[in-house]
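Encoded as structure tokens, here's the structure I'll be asking about.
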Amino acid sequence: MLGVGEMGQRHAENLRRLVPRARLVAVADVSAERARKVAADLEIENSYDSLDAMLECKGIDAVVIATPDKFHAASVKAVAAAGKDILCEKPLGLTLNEARDLLASVDKSGVRLQVGFMRRYDPAYATAMRRIAAGEIGVPVVFKSIGRDKDGAPLAAYQSGINGMLFYANTIHDFDLARWLMQDEVAEVHAFTTVITRPELAQYSDVVASVVNLKYGKGAIGNIESNAQAVYGYDVRTEIVGSKGSIMVGSLLGTHATVLTSGGSNQMTTDHYLTSFSEAYRAEMLDFVECILGDREPRVTGEDGLKALAIAVAAEKSSVRGETTAVTDESLSEVA
Amino acid sequence: MLGVGEMGQRHAENLRRLVPRARLVAVADVSAERARKVAADLEIENSYDSLDAMLECKGIDAVVIATPDKFHAASVKAVAAAGKDILCEKPLGLTLNEARDLLASVDKSGVRLQVGFMRRYDPAYATAMRRIAAGEIGVPVVFKSIGRDKDGAPLAAYQSGINGMLFYANTIHDFDLARWLMQDEVAEVHAFTTVITRPELAQYSDVVASVVNLKYGKGAIGNIESNAQAVYGYDVRTEIVGSKGSIMVGSLLGTHATVLTSGGSNQMTTDHYLTSFSEAYRAEMLDFVECILGDREPRVTGEDGLKALAIAVAAEKSSVRGETTAVTDESLSEVA
Amino acid sequence: MLGVGEMGQRHAENLRRLVPRARLVAVADVSAERARKVAADLEIENSYDSLDAMLECKGIDAVVIATPDKFHAASVKAVAAAGKDILCEKPLGLTLNEARDLLASVDKSGVRLQVGFMRRYDPAYATAMRRIAAGEIGVPVVFKSIGRDKDGAPLAAYQSGINGMLFYANTIHDFDLARWLMQDEVAEVHAFTTVITRPELAQYSDVVASVVNLKYGKGAIGNIESNAQAVYGYDVRTEIVGSKGSIMVGSLLGTHATVLTSGGSNQMTTDHYLTSFSEAYRAEMLDFVECILGDREPRVTGEDGLKALAIAVAAEKSSVRGETTAVTDESLSEVA
Amino acid sequence: MLGVGEMGQRHAENLRRLVPRARLVAVADVSAERARKVAADLEIENSYDSLDAMLECKGIDAVVIATPDKFHAASVKAVAAAGKDILCEKPLGLTLNEARDLLASVDKSGVRLQVGFMRRYDPAYATAMRRIAAGEIGVPVVFKSIGRDKDGAPLAAYQSGINGMLFYANTIHDFDLARWLMQDEVAEVHAFTTVITRPELAQYSDVVASVVNLKYGKGAIGNIESNAQAVYGYDVRTEIVGSKGSIMVGSLLGTHATVLTSGGSNQMTTDHYLTSFSEAYRAEMLDFVECILGDREPRVTGEDGLKALAIAVAAEKSSVRGETTAVTDESLSEVA
């Protein structure tokens, strides 16, 4: 396990406790202290303060990468060069050039690469995909998705610049769903963004919220809304409107306790993605391990990671330039 | 009452039965037969086959206009010239030029003009507005709205060309809510549309579904999805995401009967706007009558009608040209 | 219309405005003042201060009885003796003896009698009945119903003694549904009641809340909860659990506006039966009028009124005596 | 771990994976084969075919008992005699005599005993309890609970006679909640039961469904419905109606995917208690381990187990005799 912040710790716990056929032998983190603590808590034999050091460890077949976004590309390349299979958190990289470069390395080394679009493993999303694929809603016409985080990150997180802006860190999940559930590629996008409640984010090229219009290759359309601080809770919902029916996924309800007073009915909401998607993270890790043991390709490929990234890049371009923007994986399309 | 199709009949019933302080003395329709039948059913004294004939009738203080969209502008002008107050169904017109021309006539004649944005009278929308105005959700950041009709109109309706395309006939309600609930003006829009399931609509310059991105003057953003044939039901929902909380309005649930079998839980959905908004239509009419009796200005003004229309015009331009488009009420901005 | 309190006024409004084939010619109330006011508001020609006076009025074909419960039986008898059809509010009477006596009068006079179990006309309950009758949930096994009022009546209402206690005034609706939806008769009941929050009600032989267990003739079981002051809103819900599935009816949600803050999601609730069941009251009146015009029997008969009353009597006996109690329509079974 | 059927396996998995401070050193089951398999799957060192054999194993501090109901009492006594702490699945026993006898043994040996009422650890129930205790709903007036299983057990399970009938195996959870959430003791009960869809259960003194009326010591009332085969899903819901408001807990919704077609909206339901209460089972086990390590009393005591059992015994008596029945923990009150 490379990187044991919030996300990496969850992956480590899942591997250690809920994926019996895997053995988690080592964790690494730039903070040696943090790596040691997680290793101690989870009874993992080895902890390191760098990827290089960890790669020296015997008996490693695969590495899960959960570093900040900025280090994904370099980490994937190093692990691929060492000949180990990879589960890399989203996004694959922050530019199309580095993502393509990374994919070339993976290709050359012949290792497996799975990208962390864990929503595909969520029971509700998986049910939706199965029913769409079975033709229950006919031809998909409109894709809609909402992804709202509860509390915005502190300013220091923006200042550090180690993670991608909203489209890369949050909307990227919806960009992946937009391709997967609609079984078509996004051809064009248009984005409006706002910093109305935190104007200071503008200097870090980041935003508070965004709406992205989508146009698909075969003619369908869509829209994705992302929000870094919706205050009331963690809220992820997706709808696919089809010619014969629609599918809705997601719910903002948290614990099932409702208090009714003369003021109305009050229900608690979910606060955190690790709560909403705990099952998805577990299933994702299980599947990654089964891929390796069963010698088959991951279900979420490097190509998937690249294509979602290309949509994010186009969305950022659109918001900066104020134009409808084609989605292309040519390096020319990078935000200049 | 001018025009007694589906909408006009409902207005006539409401006036006749649920608005005790008004007296409905006459109905007119291009179909004299239909006018006669409605008059007989509702025990209204007079029926006519034209507006001109009806305006000869004594004792008319106000006219409700529920003709097809194309005739709104000319009808308003004629009624204003006759010095009667007006409740006109949305949209006010199909071009900004005719709407401006119409407003000038109304202005000159000094009559009242209320535009039929009845959602403002729906109990849930009215509650939302009240709570937003009270500051409960802080600064509005994102406006989201969905308007889906169940069954698409037959091809003949499109061929007749008497109603505006999707943005004018359906989305216009959301364009009005977008201004009203956010207490700000829409400055720019971007629209994608699709005819994927009915390519034959393209020749009538109409579409099956659309997504419209919004950018507000003060920096907020938004998106509106419209769908002419969502199949599963009539579904109208709006969310306003603010800096301190959010408000959701609307629900697709119809009758409150749920059937639970081993296949899951099944609930019926609402089919028609006259069901979902029956209370709103009644309250709208009551308020129009109270305006006249109390000698005050309507709550939904001609200016509101013009501004919502300007957004629709900009959205159509955007979808035709593929560009982000400024919302302006200059005639120059018309789709050429 | 006899009795124009809250309920009678609604019936009068419905008759006047929403039942075009009926003509409401007179209202009567012990308060001549109130009768006059309602007649004036609704433009009804005649108002009286007694039933006898009203029955002198020419052109009356039918009378709707909405007096306090205590006067139902005598009123029905008088109207039947005058040869007019009757829609009588629930309960039919407060003892089985008076109800049987009343039915004999109706029988002898040959007039129609419909009892005001309007929930049968509610779209959701009607849907439930249709789907049960179609066999969708197999054999009904358990009947469950909840009926909660928002605010308890003031003490004066209890002191006046003009309405039946909770089982007769509120639960009687559920006793009727218990027979209708299960298509079987209730054979035995057991009731617990409480005055925990208003001990002073005990002296008026009334209660704050109750739970009534049901045993059906064919072996099914059930339970009904009633509450005179649930504080948070008006809440009516029914479930029928069957061998192949279940049906749930009712919902406590009121206006569809949800406010989401960091405290969770908040929804308004319904306050009043006239709001929740407005459609049912209208449909009930329409059907009564159609019965008369079409010369057919009412759907909700005097027999239905008697049988629901018999369950209420048995429930009261059970709660007083602390015993499982058989439901019988013998006068012997009256609470002594 | 004693007994590794469905329930015991889950406890074993939780202990092994999700309770880091505990070490699961042995499992025992009457099926040595099953014990071996579970031990192998979960990498547990020792497996046995009897409790006696397992108690020989060194280093055991506590035993979790998840045998069939019939063996709970004897198992607890044996483990207590061996001086080990105990988490025993519900019910504590099948008669009050054996439960009292068991408690005496536990008392004498001085070991800890926690009873498996895991719903108290469910986040929604825990939230409800906290808010009731904080006075948010005022004085509790009515307790309502529903517990429905999806599929009934096969006839063989009834024939084996190793588990208690519905009141002991299923309703016992609600009997515990009825005491805990209302903070009062149940004084009297009345039960109706049905075998309408499986008359063959009568010969095994078991039932398909039941409704139990409750009367509390301080005057509140309640009702609990249980159903062994509700077909449509696993459905557990509880409401507490108070003088200032109400609390609802539970929901029948499973995965959050809704399919909308012209037939309405369709949602999947939950099938199994191990899904609905997975978090509760984990939290229960964590708390048991923390009790031991922190040397404190369990939150759910043997007394709690006895009192819930006393309600079940009274409910069974009531249903057999057709009488309102006092709840007492005297042995005289056993069903004869």
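Assorted remarks:
The first chain written gets the first letter, and so on, giving A, B, C and D; residue counts start at 1 in each chain.
Going forward, contacts are C-beta pairs under 8 Å (C-beta built on N, C-alpha and C of every residue); 3 or more make two chains touch, one makes a residue touch a chain.
Since the model is a prediction, treat every value here as computed from it, not as a measurement.
Of the two chain pairs examined here, A-B and B-D, it is A-B that is joined by more C-beta pairs in contact.
Chain centre most remote from that of chain B: D (centre = mean of CA atoms).
Inter-chain spacing, taken between the CA centroids of chain B and chain D, is 56 Å. Computed centre separation for the pair chain A/chain B is 40 angstrom, with centres defined by C-alpha atoms. For chain A, the set of residues that touch two or more other chains comprises 231-232, 244-246, 253, 260-262, 268. Residues of chain B touching chain A in their complex: 138-139, 141-142, 144, 146, 148, 188, 190-197, 208-215, 218-223, 225, 227, 230-232, 241-246, 322-324. Touching chain B in their complex are the following residues of chain C: 17-18, 20, 41-43, 123-125, 127-128, 131, 136-137, 244-251, 253, 255-262, 268. Here chain A touches chain C in the complex through residues 150, 231-233, 252-254, 260-269, going by the rule given at the top.
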